[in-house]
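Chain naming follows the written order as A, B, C and D, and within any one chain the residues start at number 1.
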């Protein structure tokens, strides 16, 4: 790709960017949120047409007018935002447009399911190909997207933050597949904000900043620190978690025997004011379910929730928020944002009551002010607070959801994968923010599939497996100890 | 032991006219000691709905059926079924082709609206532009009333020009808007004929809203038309005898079910009424509110 | 509905103010066309008739715009309008109450019916299409039952027809006697535009249509707001009921079916999306005006009724297509 | 990695088959209720007339189910049905052609009209509501224009009424003379169910309704498939046109308006979501049956027509509510 240029209204997203991918290499593309990574890849995959520049494959210039043209050239992509048909099954999603056919336009479902099962087996994913996608967690949906891209057997494979929702075990699985593909000569473009991954998997690294190409370097010979410096233009300190003394702190949230079907089994724990409780576990361990149950999104069948020592009846998110609980969902697109509305409206969504007078009028100047404050505080990259959220880059959308809950100012905050898709710099800032919030007396639960994140933030670490709370560990625990609890099955079989 | 039961299938039930028919039928039912049911589709296009109603009526095994057919040809197979089951059929409001109905109680709509045309010509002195606001382009009554009126004008009054024929589905508001558009397009218009109650009142409203001074002739009755005729904003109207239609239909049905002879044609008549005769007992008896 | 590949729509926002003006263009073209085709069209009287003809449909359309923005639909507005008119008749003519109580009866009945629909949708989770279809049938039947299928006339109520047909403006500006019905339409439109643009209720209306689950998970009592929106739309139906019964000086129990389709068509022509989250009252007004200009113009030109239908169908498609082209062209 | 996920999904899937059976329950309750209320209801003749009454609406509903699953809507099906009947009349009665050509005319006309709607939706990007509203008006007008507003009778075509009213089964099983129209309904339903469940076209129908953008990003020519679906639905409208004209032995040009609402209602009562991506033909059939059992039953009970409307409205809401409760209960 040479001299690629792209404008959006109010944004010069790509400024004459050049990019080169060799066959059989893993090329990492890095940059802050909103740097233009996804846009560049969407141009390569035919979603957007560039305003200027050329694309060459094997030395010959090609025109990529639409996704089909890109596919025909052997380019496969895993989009940052999941693009799945929720009412269809996993297998149907993977083979859409390329269904194995029988006579009369019939689909060979058996073969389709078998092929899917084969891909899943290769990915070590235990999932029935006939499962409807709508019933899968974000992580599994992500796995479906990966399976779909693999099924194309592309020459060039673009992966835009494929691991944002995955945990270590799955990432390891994915990496072995990537290496295998690379050895087969596939060129892979890999976008991620997880620095350790970049070092582990990539051969070369291209860094972008503000829509421009900064540098392309060799992965093996470049230090992470200098890559980060190229990305953000400044140094980021690495801090260790400091566990405050909470012996005297009152309990903010207590959960007793929370149960729902087979998803949540008799879960009890308590959370103190000023404490950050991390939740670790494998995909499908039930952490999200637990959060949703506490928040009243899908109320539990049994058990008790006490807030500041008093039993609370939480049958809906409305009850929860009134009781001072906030919940940031792992699925920002479906559960976090009104994509068609602007940044200001989204940030204010949970706090409108505060900005309403007796006639029901909204205090727009007030809303504008808080929206702009949060845009500045979280460095949300947007042309303005009236930009529709769907036009923001993935990481910036995530920041908008965080801003929504910061503005609401809840006593108890449950953050489910809060840094999904957020760049290193911003991540450090958010960690800071959470620590500050805790220091200011908030009680915080952080659910994360990123072990370093859990270790970096948590004052205590709760581990779940198969809907049970298998243990709560102190801050300085080893990953080994966590993994043991995360795989501790009932009856001891692993 | 069984009380006799007569099923009436009409062309509608929501309009005043049909309610008056029903009233007559109910009265006959009470007088003669028989059960009467009355059903009809929402509007006069729904031929197949009427078919389903007839089927449901047949399932109830009535002593006789009264039918105001939306399309008599289309209903023939079912009427044959009735015939085979020895259920006599009385046609009302409009006729049914063939010899299946043992009697027909109806108004001659062609003649009735020809009378309206004569009256219109009389008020206009035999010349001028006029328009028709019809209630349906496709139903038999709609077509008959339009054509009866237009043909009479064409044949007898060469100096009268009909400049527009529009259809408002018998919806008052729609007919009002139509009238206003006609008046706007033709400021020199002298008269408008509305072919049923809803159309006539719509015309009246339109004329009133535009502040026009023209001859309005209506059809059927109802409170608003009667008031308008009394205060002079409507020149007059044709009325049928809906109560009589209902009454005679049930009467004939009962007679036929008992195997008695019934007259083949029962003409329930139509009348012109205006300010001068509206309170005449004979007229007042066939008007409804 | 991913946010990938939305290049097509990316200019929407910046273009949106401009877009409204451009939707207006379709209307202008129609008016200009009819004016050229017939000298009778662009006459003050005829223009006033068109405005008057827009009033009932316009008010209904404004009300249902709110519901459509939430991603719902209301099929009952036509028969609900009739039912509110009937209840006004019951209060005024049968009950002999003073006019303000009649007005209250119309708006109150509408709001109550709307609240029922809203409850069915929000609490019982019945799809809006079914809940309001059921409501439409129920109200249609009830109007006939309450009145005994006979119209109720408002002859006993002094000045009832003035609600829609009088002209406050005409008293001041005799040359331009805009009927009160039109003023009421603009007042209702202004009020709803204000609610949508400036109040919490409006904000939630858009938010519900945009992503209801996300709003619920923000701790908003979505059920309650949704019920409020349906109730408000019902109240507005009540105003339409007042307008139509004032024009007809009677409550006609058989009328109303089919009015919902016309109102929804006006809303969609005005650019509001049936999938929710997007819409403007100005657009709805323009949509309603396009419909009545079209109907009136074709009648003034004395086009045969069956051709009127054909031409209306074609022009509706063309107008929306033109709008579509402009949107695509505007980036 | 656990297999909890798998277990749970299996429970879900088996729940969905069960669910359809449960939707069936509403129908059973209705039939049982009416049978108890009147001995006349559960008679072979009456059951056959209910089935016959379902045939036209059922075929329309089956056709529009496909479109609704794509997330679209088709308001033109009622008038399209009429227009196809008219064209058959033109070919058979006016043109004196043999029956097969008439059948071809109906299906071909329907498919062509559907293709036009589909093109407007897919290529011109006109919202389905508007495209098919326009189509509805155009076809309504055209039917009147072509026929000169008078019905065309099929008296010249031997055996035309047998298409719907004859009984192939009756010849073999005289005790149970199921009319051909009903067989045709079941055949069409079977065909469409097969298409939806087994073929690529069916797959894209669901996929389009589920996430059109994602389908496009997968390199599928979404426009072409969408047009095919509208054309197919149009062809099915043509079959409905044959059925209704065969029942009436005539093409009635004014008929048709309002049939779309009834068909769409059947689809939604049958559990298909108006927002697309979800739906079954079996559900649509049950929905259509619920509607005609309701109508027939109330008539057999001699309920006054205005009360019929009220009761129908209430029962539709209750039936869907019961369905809703069951779904919520089932997990």
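We adopt the following convention: a residue touches a chain if its C-beta (ideal position, glycine included) is under 8 Å from a C-beta of that chain, and two chains touch if they have at least 3 such contacts.
The model shown is predicted, which means the values in this text are computed figures rather than measured ones.
Peer 1: Hop across touching chains from chain A and tell me the fewest hops that reach chain C.
Peer 2: 1
Peer 1: Taking each chain's centre as its mean C-alpha position, how far apart are chain B and chain D in Å?
Peer 2: Roughly 34 Å, centre to centre.
Peer 1: Distance between chain C and chain D based on Cα centroids, please, to the nearest Å.
Peer 2: 30
Peer 1: Could you put a whole-Å number on the gap between the CA centroids of chain A and chain D?
Peer 2: Inter-chain centre distance comes to 43 Å.
Peer 1: How big is the gap, in whole Å, between where the Cα atoms of chain A centre and where those of chain B centre?
Peer 2: It comes to 71 Å between the two C-alpha centres.
Peer 1: Going by the touch rule set out above, which residues of chain D reach two or more other chains?
Peer 2: Each of 144, 149, 211, 213-214, 216-217, 306 in chain D touches at least two other chains.
Peer 1: What parts of chain A, by residue number, touch at least two of the other chains?
Peer 2: If we look for residues of chain A contacting two or more partner chains, we find 47, 67, 79, 83.
Peer 1: I need the residues of chain B touching at least two other chains; which ones are they?
Peer 2: If we look for residues of chain B contacting two or more partner chains, we find 13-14, 42, 137.
Peer 1: Can you identify all of the chain pairs that touch?
Peer 2: By the stated definition, chains touch in these pairs: A-C, A-D, B-C, B-D, C-D.
Peer 1: Using the touch definition from the top, list the residues of chain B that touch chain D in their complex.
Peer 2: 13-14, 37-40, 42-43, 45-48, 51-53, 55-61, 71, 73-74, 76-77, 136-139
Peer 1: Taking the touch rule as given, give the residues of chain D at its contact with chain B in the complex, in rising order.
Peer 2: Answer in residue numbers: 40-41, 43, 45-46, 49, 52-53, 56, 144, 149-151, 153, 161, 165, 244, 247-250, 252-258, 292, 295-296, 299-300, 302, 304-306.
Peer 1: Touching chain A in the complex: which residues of chain C?
Peer 2: That would be residues 2-7, 10-14, 195, 198-201, 203-204, 206-207, 210-211, 213-221, 277-278, 331 of chain C.
Peer 1: Can you list the chain D residues touching chain C in their complex?
Peer 2: 73, 75, 120, 124-127, 129-131, 133-142, 144-145, 149, 211-214, 216-217, 261, 264-265, 268-269, 273-275, 306-314, 316-317, 320-321, 324, 328
Peer 1: If we count contacts the way the header does, which residues on chain B are in touch with chain C in the complex?
Peer 2: For this pair, the touching residues of chain B are 13-16, 19, 42, 137, 163-167, 171-173, 176-178, 180-182, 184-187, 198, 201, 205, 209-210, 222-224, 227, 289.
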